[in-house]
Structure formats: C-alpha cells, structure tokens
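Labels run A, B, C and D following the written order; every chain starts at residue 1.
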Amino acid sequence: MSDRIKKVAVLTSGGDSPGMNAAIRSVVRTCAYHEVECIGIHQGYQGMIDDEFTPLDARSVKGIINKGGTFLKSARSKEFRTKEGREKAHNNLLKHGIDALVVIGGDGSFTGALVFNQEFGFPVMGIPGTIDNDIFGTTHTLGFDTALNTVVDAIDKIRDTASSHNRLFFVEVMGRDVGHIALNCGIAGGAEEILIPEEDLGLDRLVESLNKSRKSGKSSSIVVVAEGDKIGKNIFELKDYVDQNMEGYDVRVSVLGHMQRGGAPSCFDRVLASRMGVKAVESLLEGETNYMVGLLNSKMELTPLEMAIKGKTKINLELLRVSDIMST
Amino acid sequence: MSDRIKKVAVLTSGGDSPGMNAAIRSVVRTCAYHEVECIGIHQGYQGMIDDEFTPLDARSVKGIINKGGTFLKSARSKEFRTKEGREKAHNNLLKHGIDALVVIGGDGSFTGALVFNQEFGFPVMGIPGTIDNDIFGTTHTLGFDTALNTVVDAIDKIRDTASSHNRLFFVEVMGRDVGHIALNCGIAGGAEEILIPEEDLGLDRLVESLNKSRKSGKSSSIVVVAEGDKIGKNIFELKDYVDQNMEGYDVRVSVLGHMQRGGAPSCFDRVLASRMGVKAVESLLEGETNYMVGLLNSKMELTPLEMAIKGKTKINLELLRVSDIMST
Amino acid sequence: MSDRIKKVAVLTSGGDSPGMNAAIRSVVRTCAYHEVECIGIHQGYQGMIDDEFTPLDARSVKGIINKGGTFLKSARSKEFRTKEGREKAHNNLLKHGIDALVVIGGDGSFTGALVFNQEFGFPVMGIPGTIDNDIFGTTHTLGFDTALNTVVDAIDKIRDTASSHNRLFFVEVMGRDVGHIALNCGIAGGAEEILIPEEDLGLDRLVESLNKSRKSGKSSSIVVVAEGDKIGKNIFELKDYVDQNMEGYDVRVSVLGHMQRGGAPSCFDRVLASRMGVKAVESLLEGETNYMVGLLNSKMELTPLEMAIKGKTKINLELLRVSDIMST
Amino acid sequence: MSDRIKKVAVLTSGGDSPGMNAAIRSVVRTCAYHEVECIGIHQGYQGMIDDEFTPLDARSVKGIINKGGTFLKSARSKEFRTKEGREKAHNNLLKHGIDALVVIGGDGSFTGALVFNQEFGFPVMGIPGTIDNDIFGTTHTLGFDTALNTVVDAIDKIRDTASSHNRLFFVEVMGRDVGHIALNCGIAGGAEEILIPEEDLGLDRLVESLNKSRKSGKSSSIVVVAEGDKIGKNIFELKDYVDQNMEGYDVRVSVLGHMQRGGAPSCFDRVLASRMGVKAVESLLEGETNYMVGLLNSKMELTPLEMAIKGKTKINLELLRVSDIMST
C-alpha cells in the first residue's frame, strides 16, 4: 500500500441511485480498516467548491446500508464546469489535506473527475452509480438491480388490474438512451412488447404484433416502453395511435417515474456497493488513479475513466430474442 | 337460515381492487359451508347478460386469497343499463336456478343491483370493493388499506431521491371525488402539504406554506395531490405555477397511476374480505336483500343499498388537523 | 390549553414495535406546534434514571416516520421497580424542568407510569406500542397492523413451498397471552387451523380436522400457532404428535421470531402513531393525566391507565367463526 | 434444428425455488415458438413413474412468471432410484411419444437425469433450480437471488429490534454445505460476523471479535450463521456459549426457515429462468444431451451434467475479505 494517501474524500454526484449509501459506507470503512482518514463531501462537486466537508468514521455510516438515496446528497454543479470553480474545489481539498477522491456517479460525474485529474494531477477513482446501467466497464451499475425489482413489482400490480379489465397498458420506465431496464423488466413482467431506444420496431409492426397476441387468446397486455424509445414522440401519442388503430382494447398509460430511483437497495446492490468501495479505496492506496471500478465476469476490475465515459454499453441481443420467444 | 336460497351467484363489477379475489373466495366457501351451491359470473353484469356462468366449489378458489385483481374479471356494461339487458340477465339467473346475487363493487355497481332488485324482486347483497373508500356504510372498502400501503411505499421511494437532490415532488394519487387516500398517505408519507377535493387550499397559500417549510430548514418536500383536487386544472399546471412562483426548488411530478389498484391484498383487506363474504351470504340466507355489508365500529353491519349509494363519506377532520401539525 | 406544561418528555419502553418512531415524531412535532419544549429520553425508564436526556425539535425527527424500531431505544429497568430508582428518575425530570411525560409502550410500561404518578403526582400519558394488540382501550396498538402484514407475507412464502411439496407447516407467530396475530394472520394466510391461547382445540380434534381437510382434496396445509397456545408444550412437540398420528403429510415447523417486531410501519400504523402523538400531548396540555390514548370506533379516546392495565382484550368470536368457515 | 425432437417433457425435482415456474413457462413457450409439443410432468420423477402427464401450451403457463414454488410440484422419489422405477418412467415417456426431457432441480435431480440417459439413451437437459447456489457450472442458480433478498429483508427487520434493545442476534439462514446465502446476506445485512461451512472461525475468535466490536461502540450486532456451519453443534448451543462467555449482550436466536424458499421471484431470477428455458429447449433441438444450462460470464453456457454434479462451487474469497473490512 502506498504511503502517499493518508486522507480520502468521497462524494456522490449526478442522479442518485439505491446503493450509493452502501458504497459511501464501504469507502468509509475501508479507509478505517487501512487507518486512512475519510472525509464526506456534501452536494457533489458543488459541495467541493462550497467547502461542505465532514469527517466520517466507521461508526458514522452505521445503519445506512439499507437506505435508498445518498445521505451526502447529490447535485449538478455548473460552477464545476468552469476552471475557476474547479480551482476553488482543488484548494479546498488541499486545505483539508485530502490526497485522493472517490466519485460515485454516472458518466457526467466521471468526466468531471477526469478533467479535474488532468488539471491538478489529483488522484481520482470512480464508482458507477446509476439505475440506467449505461456505463461501460461494468455489467451492473449500482442501483440497476434494485430498480429492476421496483419496476417489476409495479408491473405485477398493473397486470393485476390489466387482466381484471382486459386492458392494454403502456408502462414507461426509465432509460433515455439505453433499454436495459425496459428489456429486463419487460421479460420479467411478461410484457407482450418492449420498446427500447436501440431498436425501432415501427408503429405498424407494434399494432400487428398486438393484434396477433390478441387473437392468440391474450385478453390483456403490457407493453414496456423506455423513456428514450424512438417509436413515437411520447408514450401518450403511442397510446393514441394504438387506440385509433386497434379494436377491442381499452388502452391505458402508466409512467412509473422517480420511484424507480428510490427504495432499499437489493442484496445484490448492497454487496456490489461494498465490493466497489473496497476496490476503489484500495486501488487509490495502491497508487492507481483515473479508473472506474466495475463488475466484469464476477470480479472487481478497473477500467480507465476515459473508456468508461466513451465506451458504449450494448443491449444483450440474446435478451431481445428471449423476449420475442416469451411473448409467443 | 332460509330454505329458499339454494344457489348463490357472485360477480365483481366496476374498477377492481385488491381483496376482490379474497371476497369471492369467502362467498364461495360460505356457500359450501352452508351446503348452498355457488356460481361465479365472469365480466360483471355483462357476463350475466352473456351467460358467462361457472360453478365454483371450495377447492376452485384455492390459492387466490393473496392475488390482486379479480379472477372473475370486471367490466362496465352499457347493456345492463337497458331494461332489455337486465331482462336477459334475469332470464339467465333463472335458467341456472340461481336464487340470490352477491355484487362486489362500488356505488355504480350497487345502483345496478338495486334497480335489478326493484324490477325483478331478485335478492341482492353488496360488498364494497374499491380502493377509494368512498362508500357510505363502511369505514373501509375492500382494497383501501392495500392501496394506502402501495402509495406510501412509492412515496418512501420518491422521498429517497427527493431528499438526495433537494427536490419538491408533487405526487398524484387516486381519488377523483374523495381525498381519503391522499390524506392518509400524505400523513404517512410525511408530506408537507396534502391537496384533496374536499378542501381548496388556494395556490397562494400553497406557495406560502411551501416557502415557510423551506425556511424552517426542510430541503426537500412532498406534496400529495388527489386526482380530483380543485386547486389547479391538473398536477402539471400545479408544478408550473410553483416553478414560477417559488425559488430554490427543483420541482417534479409523479403520477402513481394504476399500480395503486393492484398487488397482494394486505392482511387487513384479506380479513375484511373474508368477513364480508360470510356476512353477505349469511344475510341472503337469512332472507335479507338490498343491503351492503360494511365495517362499522369493528363489526359487520348491513346498510341499505339506497343509503350506501346516496350517502356521502366525509373526510375525517381530525386527520386534516393531524396532517397540519405533523408538517410543523 | 394549560399554561402549566412547558416541557414534555417522551420515552419508549418494553418491547419495541413498528410505529414507535412515528409516535415519537408526532409527540415532538405536536410540542413544536404548541411551542412547548420536548425532550427525548433514551433507553426507557433506565435512561430516565441515568439522565440520558436529549432535546428534540421538529427537524430532529425528520426522516424517521418510516423506520422500524425506536431511535430512543428501549430497555427494561429493574432499578425503576425500586422506590430509589424512581426517585432518581423524578429528580432528573425536575432538574431538566420537565412538566409531563409521554410513555410509549405496553402494559408493563404503563404500570410503571401509573406508580410514578401516584408517588410524585407527575403528569403521565400512555401511547400503546406493542405488536401483540393486547392492551385494553384501543382496537389497535401501534405495530399490530405492520406485524400482521409481515406475518402474512411470510406465510405466503411458506405456502409457496408447502404446496410445491404437499407439506403441512406449523407456523409459530408471536402472542404469548393473546391470539390476535395468529387469528388474523391465520385467516389472511388461508390457514387450515389456528391455535390460540384463548381456546384449547385439543390434539385429537386438530388431527381429525387436518385429516378431514386432507380428504377434501387439500394437498398442503398451514397451521398457524400462537406462541402461547396451550395445546402442546411447544410447536416441535406438536409437530411430533402430528407426525406420529397422521399419514401422508411431510410435517415442518417454522418459527417466525423477532422479524415480526421490525420493518417499516404500514400506512395504518403511521397514521395511528401520528394521531396518538397529537392526542397524548394535547391531553397533557389540557391538564389530563394517567390516561392512555387509544383508537375506539375510529376516534381517539382516553382510557384510564388503570383500566388499560387491568382490562382484558378479548378475541373477536366473529373472527373465530370466519376462520372456521374459510377452512371449509 | 433437429427434426428428431417433436415433443419435450419438463419436470421440477428436489427442493423448490423461486423461478421454477418462470423456467417451466419458458420451456413451454420455447417449445411453442419452435412448434414442438410440450408436456408437463407433475411431482418430479415420481410423476414420471405414475404417469402424471399434462400437455402444456403457451396459454397454459399464463400468469405464473411471478409465482413462487412450482405448479408442477416437486417430490423426492425412492422408486426412481430403482431400475424398475426408471423403466416404468421410460415406458411412460415412450407411450406419450416424448423425445426429450428438461429437468429443473439440483444435483440430486441431475444425477437421476444422467443415470436415466445412460440407461435408456434418452436426451436430457438440466436447469439448475435451488436457492443454495451450490451447483457447478453457473454463477447463479434459479432462486438464489430471490432468497438473498428475502433473507436481507428479514435481517433488516431483525436489526430494527436488535438496535432498539442493544441485542445480539444469531440469524440462521439456509446452506447446509455452502455459505453463499450467509456470506452475501451477511455483507448486505451489515452483520458483524458470518459463520459458514467452508470456514471454521472457532468459538474463541467469535467471542473475541464480538467483544472487539462491542468495545468499538456497536451496541447491537447480527451474526449470520449458515445451517451447515461447523462452529457449534447448532445455533442454540452457539447462543448458549456466547451467553456464558460474553457480558453486556442480550443474545437471541432467529431461524429464518422455509420462508427463504418462497416468494415472487426477483427480476434477476425471472430473466435468468426465461433465458435458461430457451437455452435448454434449443440445445435439445440442436441434438445436445446430458448438459446443464448455466450463467457464466453473463452468457448462457452448457456444462456436462457430470461436471455439474461432481464440481464444487467455491466461496468467493474476495467476499470473505469484504465482509471482514465492512465489520470494521
């Protein structure tokens, strides 16, 4: 272990996700284990600029492993996008004697970390926290698994009422650029169709497919739609189109919204957060910088932040096929 | 017990609610207990017209007490609003030798039952099933308690992300004419304000109250809004108004939608459903008709359908006051 | 409102239950609303003796309405059973200028409060917090509803595996002296038999009933047993007896244990806690003492502590009958 | 695709696990997709002997993806361990014109399948269904992820009451030979110690560790114990030892039991089940036999049944280390 790193700071940035608290806890306890001091920065990069620093010891993160959100809070910071803002932030880190920084967030947050390192040579390490699972270099981002269960639980409830009334529901889930939540939850929720940004099914084929499923004896249906789906301008227009071009269905829309971001993290996300926190701190202590920790082939691995930001995660084509077969 | 009633039919009608399956199960098993035949009618009154009748015995309702929705399905029937439709329905009941009918549903369904009884003298008994709790003659309708827990769970999740980002959320819950869900879930969800159809707070007072709570140190807030709230035309206009008239909050909207109608019924709703089914069947066997069973002062009581339909449930003023004190 | 009461203390005592935190929050906020100071006492009566007092304001109870357990902690105190211990406790209350005390707990805790009042004339008010629902003067104690849902959820899971393997499960639930949890959860969980302390079914009749249900076509069964059931010495002996006296069943035991005490409180318990806290504080401010607040006929009512302690809650005979009919 | 396979049978065998229904559904729908007939066999291998066969089409597995347990039921069969029993079973398969068999179960079930193939040359394919995650050739068995969430939810509840009372809880979870559930849930539940069959910590070191954690300021503790842990004869003896050798803790035991086997499968398990069903059927159609489908490096892979049975899954040493660091 390096002797250079005596004090590590941690912050959460960008959209929150379940497991962020568990990751903070892990960073703090790994520091304590290695007898390194740990400082929590509130409000993400903005708090770094505004000097919102709090020392954290092993006991101060007690009882948070199962809490959604982030007790350090998160914020987007315009000021950190300026050179001046980042200089203030850097000065604060120096003032507090901090030697390295763990950033828990998504690709925007990692871009900030990378720029910060390039300007000041400050050691940084990223932990991928977002429900969207859209970060290259990890098969699972923190919060993804929890969000899947939240969405599937909601779809189960919607199906209860859909099948009692022979209704067709369009259910919108998060995912502006990627369809991971939609695809997994569509399969798990028994959806007839899944609309994702990566694939444009086309309105005609959608109606055709729903008609076919109707004729095969299905009296109710769920279509899971990712926010960023390209088929219609939005889910309400989609509903209108289907209303006008299909008979026999009472069509409804449900937008699941922000509840997808909250809730007690699943076991998977808690374990993942604990592993990632250990790996992040120990990598810094070993002198590494500019990496993101991730889960690859069941192991903790480092991916250069640059690749994590630029790389694209791809939809699993096998899942698309499974979804197709399941809606037989 | 009357000897007249040898065969009882049961149907679910109107919007579905958790606990309907448990109530059907109870009707069926109470019939079995008294050695009376039981027939399930699919698709509500429409199925009565279309002759969708199925014999149900004690074993055929196995494993449904914990399932949301209604396996008999529900539907609205225009045809049943015509004399002709009701005559068809009556003929089908006679054809199957049915002596009495249990209707599980809301006030619209009870109106249908009452008209049906008045025209044909056919014994009918109502069980109040709706999540809205808007039926006179019972402190709790079937599904209300389950919906409360579903909504509160969603608000808890939304609060995780709200407090991580210092956001203000407007959360829309069901309740077109009554604020029972909004009021209870607002209190239980720790909402700063609760907007219900029964009370028009006014936009200015809302903003004033939110500003006050902001100044008192609250960095995030939840406002629970019943669908039928009169303060704005809809929840998105409400958001826009607050966006324009308050500073320092990032305002978001979440419409919980149809997931509120589904899910495994709570213990309370399962027990209530079981009690109501027993009371409904045994009241018919005792020769009663045109009543709704309900929970009053912890006991099963009968209320004339006419009163159940016309009576108004009132918001509990004590709860309004508690909500006010809790958001101190 | 009385001018005498300027400072109110609150403590939790005895076994914890979900909703205690929500009740503390309500006591604190009601004090704030009436501009009365509020002090939290840690560790129940023992903390009153040991001077573990913390001032609580409206913001210090933020984010606890949905947390199980009690953040003030609870403890049993032998010292408080002595005159000397109670004198220490009283001196501490005087030292901190406290004028009245809210005790959240069960009948043991209320006995302590009553003795304390009788000795020192100190105003006390009780809030019934226990999952057992065994307190006279309220139809629901705090935590009862949450525990019911926890137990029913566990029974649903056990039934999944019971019915996959044609097994008979004895499920032990809490309730040493009363069968409220067993009776409600037995009905809601679809149990074949429910064994409660209030009723001794007898081993022979149990086996007879299970055999009958077996013959009627049920391939798996759940028997819910309250801890305090009198039929056998304990649930494992019960299993052995049935194993030896019945054929064709693979018999298993599940003791649900302490998880029944925890978890996020249900909507019902949160609203009840909020109401009880308001009523308790305002009753003290109105000069009342030696009462317990309770829910009776949907309203907040006061019951003398003496009656709350001595009175017996009775099992609802209607529920026993419903349970009998449901297992047809 | 092979033309040889026109009819596929599916059964569940051994202990049930959440996701088995989803896997059956997937097998059935994949058959339908490829226009191959599908037959469900009830009661595992015993039903194969007793000729309990039912044709299943795409619609007959509707609404089961979210149900725990297995609707085909499972059973252990002594008769199938005899040559005679297996011959009966084989004759039944021939009588129904079945060409291949999918077995959903654990290693005992796979041993049966392998013997069956060796004797009769009958094509078989395994899907690993068990909550224990003790099968070689897949990182996750069906039901493991769901069980983890069930256990963690229970531990969260127990922690509520543990921390309210400053108690030490020993929580026993499933895992007779392997500590996967204990290790993951121990980390996710914030346990101070985790006792697993793979590692014998020793009683003295356990007490030493608990004393150390006590002194570091932890007032309550959870120790997660796998059934098969070697440290004590059983969890109650463990409690007694700690009771006698530690001061200041009120020690309790909770045995989670069979509820760990039930419940609606998690999103992860539903997706996994869907993928495994597709892979199993399509592998048979491609002429493969004597394999188990599994998840390896995020992909569906085949492992020879022989290896799946004989291979040992190992505990992840990284997780042991993470657990150690987290309890700092």
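We adopt the following convention: a residue touches a chain if its C-beta (ideal position, glycine included) is under 8 Å from a C-beta of that chain, and two chains touch if they have at least 3 such contacts.
Everything quoted here is computed from the prediction, not taken from an experiment.
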Most distant chain from subunit D by Cα centroid: B
Inter-chain centre distance, subunit A versus subunit D - centres from mean C-alpha coordinates, in Å: 28
Rounded Å distance, subunit A centre to subunit B centre (Cα mean): 35
Chain centre separation in whole Å, for subunit C relative to subunit A (CA means): 39
Of all residues in subunit D, the ones touching two or more other chains: 156, 163
Chain contact graph, described as a line, ring, star, complete graph or other shape: ring
Touching chain combinations (by label order): A-B, A-D, B-C, C-D
Subunit B contact footprint on subunit A (complex, rising order): 12, 15-16, 18, 20, 67-70, 73-75, 150, 154, 156-166, 169, 252-263
Subunit C residues within the subunit B interface of the complex: 25-26, 29-30, 32-33, 58-59, 62-63, 65-66, 139, 145, 148-149, 151-152, 156, 163, 184-185, 187-190, 216-218, 264, 266-268, 270-271, 274-275, 278, 297-300, 316, 318-319, 321-322, 325-326, 328
